[in-house]
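Heads up, the thing below is written out as structure tokens.
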Amino acid sequence: MASETAGASMAGDIRSPSLRQRLSRLPLSFLVGAFLVALFVVVGFVSLFWTPYPEGALSVANRLKAPLTDGYMFGTDRMGRDVLSQVMAGARNSLFVSVISTLIALVPGVLLGLAAASARGLPQILLSRVADVGVALPGVLVALVVATAIGAGNLASIIAIVVWFVPLVARVTIGPARQILAREFVEASYSYGRGRWFVLFRHVLPNIGPLIIVQGSVMFASAILIEASLSYLGVGAQRPTPSWGRLLNEALPLIDKAPSLMIFPGAAIMISVLGFNLLGDGLRTMLDPQQQSGSARIA
Amino acid sequence: MSLLVEAESLHFTYAQSLPWQKQAAEPSWIIDGVSLAVEAGTTLGVVGESGSGKSTLVRLLCGLLAPGKGEIRFGGRGTGEWLERDAREFRRRNQMVFQSPASSFDPRMSIFRSLQEPARAIERRVPSRQEVTGWLERVGLGPEVLDRYPHQLSGGQLQRLAVARALSLGPKLLYADEPTSALDVSVQAKVLNLLMDLRKDLGLTLVLVTHDLAVVGRICETMIVMKSGKIVETGATADVLANPRTDYTRKLIEAADATSLF
Amino acid sequence: MLEIRNLKVEIGGREIVMIDALDLDAGERLGLVGESGSGKTMSAMSAVGLQPQGARVTGSVKLGGRELIGLSDGQLAQLRGAEVGVVFQDPLRSLNPLMRVGSQVAEPLRLHAGLSKSAAMERAVALLEEVRLPDPQGLARRYPHQLSGGQRQRVLIAMAIACSPKLLIADEPTTALDVTVQKDILELLLRLSRERGMALLFVSHNLGVIRAVSEKVAVLYGGHLMEIGPVDEVLRHPGHRYTEALVGANPGRSRVADLPSQQGQHLTTIEGAVPAAGRFPSGCRFRNRCAFSLPGCAGDIPQTRLASGHIFRCLNPAIEGGADVAAG
């Protein structure tokens, strides 16, 4: 019997597309987001090795300088510390806290979501409710409790963010996981004797992977905001650990005398959060419609 | 002729009561007292409209669901016992083809990998490319599909691959749940011809679930008609179609005849 | 009443549909049959301005002498309510889940016939009765999800015929329904067409369904018309080889009681698969998959016209040509 091939695959380009052509096919949100995120990461990374002035260096003689005076690009704060250096260092801290807490939260979150999606009866109800209740917990309150227990600082921020995120991730995972579990190839897998967790890891996870990645990107944005908020409230990073949130807090009483002290860390937060959100948006656009081209035809 | 599969007073329902819920005196059964017997080497058509329970029935027979009440026997032994002691052998001998070809394959696995699944799971071995290509030949497909992914193939190809996958371990019994409903008629013809041939060549027993009486008429020697979880009529196809005994069957036949070609 | 000439639908520069000529008289019932990718839905929808976004429609579609191609969206919408009714495949998706059924049927009456709210409601209940729904008054107050699939489809039909259109287009209206319900809906459409003198353009992949409802059948493949003619004649004596294969592939060729005697016989199959849009061969779209193709099939193929109105384009047909062989 002669072999058949479907004509579904598109006629390929004669030459593979140039870099510019490939870049232009990517959604704008992804490109802008990726750029902003890259900026954020590079600045944070560089601050490990170099900042215009030593981060915590006090120089009372040079206090409250306006931006772009005397070699201080962003000016200085009320103790004479260079704002630019602190903002750069703040990037590093934000990056650290948000990446760690997101990654830590993803693992139990996804596991909880997978377990809830594949459970039946009582366990299913319980697990789903855990996720729902977790989302209802007020994050700031949790952070305050944790900080009271173990002391304020990055660790408290990380723990608070993780506790906040795990149920969130679980909730986001349950829906798509259930959809995959309802597909016939999962039934087929069970019919071959595959167990529940094989199906979850080998079939469900790869199929919801892209969704989780998109979610992760958006979570990075949230984490940055939460970390900044906690530091602003005094529960997060304490001196000498740099943090944008705390810079905001310190800038507040000087808002009419030196507004730039608030503007720069604020802008930094805004740009990094925007970057991750755009990146997540772009990823979502890239990952979904792609499945449509060359989709299976019933013919 | 030996009886391959028997079911006795099967009852099944999905709803599970939670610890704090009171048990209804008699829950509404999706499968409500079904008894049947399938002889080895025959083709049985399971006909019914939506909600009749026909898809649930084959899943029970195949071991994918466990009955609430009643017993299923395969080759004389209870399926419960099979699944406890000899699960792999039972699975090797009972395979299923599903309704939606696009949904029957993991979109993230290559066709080659998907076809290997039954052997990997049931026989704990990894079949070679050569062996898998042999399976493809049986359903009229060439080895170039092996490295493709489901979204690159048509529904007809995927359904034939599903058949190849199901037959890879040489089962005795093949269940097909509306295998051609999602396909165009010319593609359906290919799949039905394939099933007819394989049945002849491999001595397969086939249980075919469909809503299409014409398919049953052309392919199945015996048939059962289901309604609301019960079997309302059973017998040789030629007999049932020519002399239906229940009004419901008559209605189904009339409806099918209304859309025949001549 | 409906005249379609050289209707071409293009998407992304690729020709999806090209119908050279299709006519429908007043009160006539035509079935448009084709498998997936045949362009049957695209053709029917594009003829009344319901083509997908990004599709380019050219050619001529005249309804009662009036040209439809080129009309504005507003004009087409007006037309669709008053002169053309459309019934889609999935009633659940076509009905507003938040609106009572009676109000939905009344809507076209208020929009196009300008009836007052109460008058429209009265007419709506009458329509629900005409489509043989039980307890029309009570049913009018229910919501779509409270009805069965068959009932919902009847509601859709009532909506479509509300303003007494000259033409009803039905796109696979029974595909999602059980066979017994399907039979009833088909009988309903037949009856409505006869009683109201309403033309019916019925789109389906199912030849048997087409035969149950239509007088004429048009066979589409790859967006082109392969054959058209009186339904019984085309099915019994198909001209084009594709039609022949389609008929042969159908298991329901006779009454079901007669089928078991044919057990063991293969059904007719078609080699290969439907190519993607834009990758059809020149000349006859079907020739690469045809067991009877000739070298001449790659070029223009003249029409074979039989006296009965049975027309097809095939160089190696399943039946002999009739007295008129028109180049075309």
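Things worth noting here:
The letters A, B and C name the chains in turn, as written, and every chain counts its residues from 1.
Criterion: contacts are C-beta pairs under 8 Å (C-beta built on N, C-alpha and C of every residue); 3 or more make two chains touch, one makes a residue touch a chain.
None of the values given here were measured: they were computed from a predicted structure.
Counted as hops between touching chains, the shortest connection from chain A to chain B is 1. Distance from the centre of chain B peaks at A, each centre being the average of the chain's Cα atoms. Annotation: 46 Å between the Cα-based centres of chain A and chain B.
Measuring from the averaged C-alpha position of chain B to that of chain C gives a distance of 33 Å. Distance between chain centres (mean CA atoms), chain A to chain C: 51 Å.
Chain contacts: chain C has residues 35-36, 273-274 touching two or more partner chains.
Among the residues of chain B, those touching two or more other chains are numbered 154, 156-157, 184, 187. Those residues of chain A in touch with two or more other chains are numbered 2, 4, 6, 8, 297-299. Of all residues in chain B, only 16, 18-19, 59, 62-64, 87-88, 91, 95-96, 98-108, 114, 117-118, 121-122, 137, 140-145, 150-158, 165, 182-184, 187 touch chain A in the complex they form.
Touching chain B in their complex are the following residues of chain C: 35-36, 178-180, 182-183, 186, 205-209, 211-212, 235-236, 245-270, 273-274.
Contact residues of chain A toward chain B in the complex are 1-6, 8-9, 120-122, 125, 183-185, 187-194, 203, 206-207, 291, 294-299. Those residues of chain B that touch chain C in the shared complex are 49-50, 154, 156-157, 184-190, 192-193, 196, 211-219, 221, 237-238, 241-242, 251-262.
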